[in-house]
Amino acid sequence: MKVPKETKKIMELEKELHSHLPSDPALRVKALESLLVEKGLLNSATIDRWIEVFSDEVGPKNGARVVAKAWSDEAFKKHLMADARKAVDELGFPRLEANNLVVVENTPKRHNVVVCTLCSCYPWAIMGLPPTWYRSFEYRSRVVRDPRGVLREFGLELDDDVEVRVWDSNADVRYMVLPERPPDSEGLNEAELAALVSRDAMVGTAKVTTTEQGN
Amino acid sequence: MDGIHDMGGMHGFGPVDPSREQPFSKTEWRARMFCLELSYTQPGGFNVDWLRHVLECIPPDVYLTSDYFDRWYWRDVGVLANVGWVSIDELASGVATSRPQDVGDPLPPEAVSVMLEQGLDSRRDVADPPAFKPGDRVRAKFHSPLGATRLPRYVRGHVGVIEQYHGWHVLPDANAVGDERPEPLYSVGFLAQDLWSDAAAPGDKVFPCLWESYLERE
Amino acid sequence: MDGIHDMGGMHGFGPVDPSREQPFSKTEWRARMFCLELSYTQPGGFNVDWLRHVLECIPPDVYLTSDYFDRWYWRDVGVLANVGWVSIDELASGVATSRPQDVGDPLPPEAVSVMLEQGLDSRRDVADPPAFKPGDRVRAKFHSPLGATRLPRYVRGHVGVIEQYHGWHVLPDANAVGDERPEPLYSVGFLAQDLWSDAAAPGDKVFPCLWESYLERE
Amino acid sequence: MKVPKETKKIMELEKELHSHLPSDPALRVKALESLLVEKGLLNSATIDRWIEVFSDEVGPKNGARVVAKAWSDEAFKKHLMADARKAVDELGFPRLEANNLVVVENTPKRHNVVVCTLCSCYPWAIMGLPPTWYRSFEYRSRVVRDPRGVLREFGLELDDDVEVRVWDSNADVRYMVLPERPPDSEGLNEAELAALVSRDAMVGTAKVTTTEQGN
């Protein structure tokens, strides 16, 4: 089917739709689902299945395993930094929204942080759904301009001599931050290390410590 | 497009609230909306650049006052209404008065694992060499068509340095309207102090991904 | 400041409705708000650049969803609350719990004609010659402080031609914070086709007024 | 009184004010007026007086007189184009928001139109209050970018060979457009001519014709 694609027409249409439909999004979404099912365009069981996937099967635990392995296995880390997608394939993780994965490494003198200023792109298959704050206008607008100020709001204070690198996921490249391994974590195995790695640490808005639980 | 969505660097938004979390379950409308988008039959087939562009066409005041997943609702009903697959009356009532022809069966639950495994990839297998290499100085063009683009406004007119080459990827500007035209894609590093009058630290950098036609050699 | 107010060239707003008119009478809240602004005792004295900047600090979603004169309300209560002359409780109840000291009498109705006759003037009597003359090519700087400025975003980084010299005027960036620093002011002509990817006609031009420190010789 | 002027603080304050005050602007404005009167910061009679001024004493009729005189008196027009403020002083008009007045002249090959993209600056003393559409986001955002499209919405279609000049009143310079005199207006005197000149014609969103009444 050839779809007409005129920006001005879509702008008018969006205005019209908004001015005619009720305000409660929960009601509108429910009506949309019923309508699409009736029209043969949607199977509600497929929605249920996706919700299961994002509740149980993909999430920041995937990324935490990647981080823990990179900390524990120098050859894997080298592979990960050179070609993150292939390295992550080894762990059997899916590829949805992570086909062009790039891992950026934090060091004592360099801190990385990830955003999508234009919408909220995020490596779903490796990290799950983006946090609510990641999708907020506050984060999207401010972290490219005042990263140190934003990180302070997360309780993360960076020294002046640390270089901050902000990665904008405005294309289909998806970023994951490889945080610094906490200094007092020598005795831990991969599973124990993975349990320390929070979602926020892989976006770059937190550090990993041995006293904190991953989420 | 110079739309409200292009908010990188905009002043006026307050502090980030890191503690905000939203529930995700089978009965939550946000979860259903998110997963509906992955499940319904889209006219002309799934095209992420078109979807993103339709989202950008939401009126600016609606964009700023709607929940994230509610913006997805406005996008998807726009995509559907644009081809006449749904009408305002149907969306208001939830009751269908017509049914699109020749659309086949909707996506079954069994298809989910394959989509999850493979995802979609904007990269194309092109062997031609890119015009720029890491270390080259480039300037982002003043490129702001009334239409899809992924060149963020905050780098337009500024000089940066090629950091990384990512292979050839379909150009969103063309792909959104159904024209697949791959180009070399780069991460380009810009000094924060060049971009913002109020940047705090001299070494800080911002790295958007820019397609080759967004750039000119400096 | 890169705020929502700086909307020249933004896509996404619909057609203009030339037929829209609002009533103006002694019982209309819009008329009262407009004239209140001209009548009340302002802390530190009237400073149009500070007032404009406070208006720009309204949250973007409120800015886009409020009536024009309601934005004046948010501005003026911001100006007053900032110095502690009014509190949120007082604004909600309309009942005063304190009264500012040493503010003199409020402006009487008899003062209106003098204000109307004379107005205010940002021009200052400076004899020094300006740096640019009509016909000179200049580039607008990337100047976007977190604070007042009247350099519209749509010309930043672009080259234009000095059209007219308007004498020395106080610089809004400084004046807003109480520092009177006059500079030469110019109308600068920019070709629409240089500014916008989707400009229609080759000869069309846009003329903002730019202070000398916003410009560099090209 | 020394006023603290910190942008970040004002942003926070505006957010706080908005989140705590009722939504109806009419009620809020009424409460503000009472409050300021009680505090000795405002005299309600002064508001009433300003409303009289803007209802009866200043308005587009002032500008229309300027236009009609420029059409009828070549020496005045020359003075007006060279130093609009001084020329307008001759007519005894006040100066509020028009101390730095510039008149831009329409010709068969050049059309001028005025906007303030950053707020809604307008030459009050000469033209009265700006029209509602002049203050709209639609006009402010679009007329600098798509002037021909916006003028079409006013019913004004310009030929391709007419140069459009858009004047942004972002500083304290205020613009008035001197429209073209309608060709069939030879016999009319200044008062009759002034009656033809609409407010919109002096902003540049209309032309003057002999069949149309000024407003």
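Chains here go by letter, A, B, C and D, matching the order in which they are written, and residues are numbered from 1 within each.
Methods note: contacts are C-beta pairs under 8 Å (C-beta built on N, C-alpha and C of every residue); 3 or more make two chains touch, one makes a residue touch a chain.
What you see is a predicted model, and the numbers here were worked out from it, not measured in a lab.
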Touching both subunit A and subunit B (chains): C
Distance-maximising chain from subunit C - centres being C-alpha averages: A
Subunit A-subunit C separation of Cα centroids, rounded to whole Å: 40
Centroid spacing, where centroids are CA-atom means, of subunit C and subunit D in whole angstrom: 14
Subunit A and subunit D: spacing of chain centres that average the CA atoms, whole Å: 49
Subunit A: positions in contact with at least two other chains: 7, 11, 15, 137
Residues within subunit B bordering two or more other chains: 1, 9-14, 57-60, 64, 146, 195-196, 198
Footprint of subunit C on subunit B - complex, ascending: 1-4, 9-14, 56-61, 63-65, 142-146, 156-158, 194-198
Footprint of subunit A on subunit B - complex, ascending: 1, 5-18, 20-22, 24-26, 29, 31-36, 38-41, 43-44, 48, 50, 52-55, 57-59, 62, 64, 66-70, 73-74, 76-78, 81-83, 85-86, 88, 90-96, 98-100, 103, 105-109, 111-112, 115-123, 146-148, 150, 152, 154, 164, 166, 169, 172, 176-178, 185, 187, 189, 192, 195-196, 198-201, 203-211
In the complex, subunit B residues that touch subunit D: 11-12, 14, 60
Contact set on subunit D toward subunit C in their complex: 1-5, 7-11, 13-18, 20-22, 25-26, 28-43, 45-51, 53-55, 57-58, 94-100, 102, 115, 117-120, 125, 129, 131-133, 135-150, 153-155, 160, 163-173, 200, 205
Subunit C contact footprint on subunit A (complex, rising order): 7, 11-12, 15, 137
